[in-house]
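What follows is subunit A paired twice: with subunit B in the first complex and subunit C in the second.
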Partner chain A sequence: MEQAKVPVTLITGYLGAGKTTLLNRILTEQHGKKYAVIVNEFGEEGIDNDLVVDADEEIFEMNNGCICCTVRGDLIRIISTLMKRADDFDGMIIETTGLADPAPVVQTFFVDEDVQAKVALDAVVTVVDACHFLDAVDEEHELAEQVAFADIILLNKTDLVDADKLNAVKAKISSLNRMAKVIETVKSQVPIADVLDRGAFDLSRVLEFEPGLLDEEDDHEHDENIISISLKTDNPIEPEKFSNWIRGFITDRGVDVLRTKGILNLSGQDNRYVFQGVHMVMDSAWGAPWGGDARSSRLVFIGRNLDEAELRTAFDNCTVAA
Partner chain B sequence: MDDILGLSRAKPDGSGQRIKELVRKRFGLDEAATLMVSELRCHEDGCPDVETVIAVMGDAQTSLTWKIAKPMAQVDAGDIAALPAAAPA
Partner chain C sequence: MTGGGMMGAAGFDPAALGIAGAGNPDAGARIISPSVKLSESPAVGVHPTFTVIEPAEARAVIGYGDGTIRSIGLVLDGAQPSVLAQIAATPITAAVDIGGAGVLIGTDGGELLRLGGSDADKLAETGGPWIGEIAVHSGRGLRAFAAAKALTVLDAGGAVVFEAADHPSTVAGLSFSPDGARIAAAHYGGVSVWKLTEPGQKPVRLDWHGSHTAVSWSPNGQFIVSAMQDKEMHCWRWKDRTGMRMSGYPSKIRAIAWTADGQYVAASGADTVTSWDCSGKGPSGKPPLEFGYVYDGVVRQVAAHPADHVVAGGYSDGTVLIGAIEQETAMIARPASGHAVTGLAWTADGGTLVATDESGAVAVMRILEPVVS
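Coming up: the complex of A and B.
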């Protein structure tokens, strides 16, 4: 029987957003579980845990300069060491620095067979400071990327802003990432079940986790560098057309595409086809049968400098009717 | 069911562990040394379609990396024996 993988939760967020507060809240909850905690810097707020490992944010380029081939060398070493004492804990939590690029951290979990066999990235949780987000997001690209990579966004410090500002922050977050579940919080107080054991990278759970993926399309104003694009069609997808298009697109634009998720109604197939990607690393699986459900196909791209009209046309061209 | 779109990652087949054991033997590395083996399909200009990257993960100054221009499953003892002791960065 396949051994259960140790779940890893990645907590990102800009300086002062409330990451350590969230971490301590998770650690002090009476859940009966033990966590290994990996931090990149010890802040003013201490961490209430027996097993805390200091990481040094070492970027490791497998292929000179290509972001798709970049991982965190320090994490590979730490995870390999921790897994030799895996009986001592139930999961791992990584708290990045406020300035960390999430892409190398996420890709660390998809490059090495041993890492993939022993641990599984459960979700990227990004803590956003509702007070300062709008002032900082256009200037600090790390902040936009942390939101873009998130599966769960804790919109924190909501008690410090009025309704208009809160709505503006939510609109901006939605433009950057339509896939993430947004939870409004004060002092990072959130039910632990909303941030742990989410299975956000588990293809068998895509349907239960994708609020943006299941929404109807809407008309955002997209003028940002990073944008989130949602596409939908009720016409069945022709597998060969779609395969040729998506593989070519990711080959050409994988550096700019941060995350991708899709649920497809493939022509002649009884089951849903689900897939997701981080840059050029893609994975797919067959999902539940459509049964009597209304069939449709949905795609979400989060990335830089994406042309929504071009993507929509290309997607529509993959249908049987095209 | 088959992956008819070709988007699934290759499932681990033990090649990574096999290559790591060959590298440990070739360079006399013990279990304390962290190795990473990955198959890259990089599409940057000048890169081969597929290559196996092998790294001994020391700190930033001491990490060693080798690349072999073939898939992990095809990397054999001869490839590892041919690796130079001082790996190119």
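Coming up: the complex of A and C.
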């Protein structure tokens, strides 16, 4: 009786980065498929779709003891109503405003049961303007958060910058988010398969992510800015130690931790253990068997005020050897 | 859950069950228990968005996500719902119009429609924002609707008698006071209560942190209850504005319903139908009364009997139970269909109950004996 859930793609990015261009590209290339498009403001560029719904960006805090847990009340209403239509949507695409915080949007898909029952967040796609990113990212914290939350980053307008600047932009993106796949584009021109049907929040696909590991000299201390930290250990993890640590850490620091992903090699277990989280909302499952693969545990945190040395020590303390 | 009729066999007349056959007005009915007969239309594959009973036409009117409005008579003759109207937008919400005649419908096209007979007239339009909430006060001849943050009240002639444009968020629930002098609007952060006779004044704000998604004023005027995004309800005693939390629900509360005398307020959201005793100072310190556990099901809809301390509960598996609040017992009125119940409505005499589920099926249930004596 379980129906396939309608995939939802979230497109974020700063004003003028190329979000609507990407949206129209998807709609044109996927001609014949039926999409519901939800936008926050009608921009100058028209949207080429039958069904475009205007959202109000109503951010509601939840009373569940987690101060960072917010949802978008307008999206709950819109999606619940859209799913009662007879239309069989192939997908939904949400385009946020340039200054939108992606967290309440993402959390809506994990917190509200009506939304969760019918649709599933497929991926967060963030469009970055290669020209203006470095100037804007330190001024507008939403921009850093949009990059930090992304599963796919379209590094757009690469034809308008020289190689040095492009490398500087890429370095900054990589410091913010080591999980995301970065695709360089001109005029948001990207193979549609690279942005749709990614299953980025699907636990069975957490295994596909290959975070870049930090270079030795790329050493961040306690940092007010958003950074991403990638940890790895070959020693098996003691489940109880890890569970106690991660619960405590997320409870204390969930406000600062934007996204978490992990694949664990738990001692005595034949299968991988995978998990992911958005702020304090965590989700986990058993993954594929290790078989003959080399066993190791990997963990990525994206957030602010993260101390890499402290996290590394805590993670190492969760191993059987510790 | 207690199966079967709770009244026992006393006073039960077997002839009332009827025998299926030609010319029998109950020809389409199945006998569910000594107390209930059921006639059910098949799934149509479209999700109902509202289910109301229109007393003047002795029919149930059901709105569907594809814009179809269907009606079905309240007899058990096996007739199928017929298409009453087809509207361009998606109907989101509805209420029986003034005097029990006609149905008011709010749409995602921003229209307020009145369906009388089979004609849909447009009473108002917003030019954009969805009309997501409607309330009617028959005694005073008032119709209220909410679109985005704005509330508008019209009189029977269609003139605007009250407007409040700027609630803290989209208005997610509306309820008139029983005397029709005030209206309560639910939103993020609480409920605003407006006095309709004094436009321009500030509302009484009943504050409670979080998103309030429905509101209902008790029929005795003493309490205002809201349902919240946070899987709980909040109750305010109107005379002194004292607030009370009603929490512990495992899922979202989609429906709240007061008994006719205002003593109990029932809610969906748990694996049983929960009813809070609001007599005396209110529900504080009194755990809710419960009936009707269904294996692997959660209560999605509740509807209170028009006279007795009796509530119908519609479950996520399609089951409909009718229960006596104080006895904490229930009888089955419709077996599980596999599709969640989306709407429940009683006739004014409490003799017939109509339910719809996510498949679009409509169940008409005749109650053959009183549920409580």
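In the analysis below, the second predicted complex is superposed on the first by the 295 of 322 C-alpha atoms of A that agree within 3 Å, B and C clash if a C-alpha of one lies under 4 Å from a C-alpha of the other, contacts with A are read in each partner's own complex, and residues count from 1 in each chain.
Criterion: a contact is a pair of C-beta atoms (placed from the backbone, for glycine too) under 8 Å apart; a residue touches a chain by one contact, two chains touch by 3 or more.
Keep in mind the model is a prediction, meaning the values are calculated, not measured.
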Label the relationship between subunit B and subunit C on subunit A in the superposed model as either fit or clash. clash
A:85 in the overlay: touching subunit B, subunit C, both, or neither? Say first, second, both or neither. second
Which holds for A:171: it touches subunit B only (first), subunit C only (second), both, or neither? neither
I'd like to know which partner A:288 touches here: subunit B for first, subunit C for second, both or neither. neither
When the two structures are overlaid on chain A, which partner does A:271 contact: first (subunit B), second (subunit C), both, or neither? first
Is A:54 touching anything from subunit B or subunit C once the two structures are fitted on A? First, second, both or neither. second
In the superposed arrangement, which partner chain does A:160 touch: subunit B (first), subunit C (second), both, or neither? neither
By the touch definition at the top of the document, which applies to A:63: first (subunit B), second (subunit C), both, or neither? both
Any idea whether subunit B or subunit C touches more of subunit A? B
Superposition clash, subunit B versus subunit C, among 5-13, 23-31 or 41-49: 23-31
Enumerate the residues of subunit A that count as touching subunit B in its complex and touching subunit C in the other. 56, 58, 60, 62-63, 71, 73, 76-77, 81, 112-114
Spell out the residues on subunit A that touch subunit C in their complex, using ranges where they run on. 1, 54, 56, 58, 60-64, 71, 73-74, 76-77, 81, 83-86, 112-114
Any idea which subunit A residues touch subunit B in the complex? 56, 58, 60, 62-63, 66, 68-69, 71, 73, 76-77, 80-81, 110-117, 239, 242-243, 246-247, 251-252, 254, 264, 266, 271, 273, 275, 277, 280-286
Considering only the defined contacts, which subunit C positions touch subunit A in the complex? 45-47, 49, 64-66, 90, 92, 108, 128, 130, 132, 148, 169-170, 172, 188, 209-211, 228-230, 232, 251-252, 338
Could you please specify the touching residues of subunit B with respect to subunit A in the complex? 1, 3-9, 12, 14-17, 20, 34, 36-38, 40-44, 47, 53, 55, 57, 59-60, 63, 65
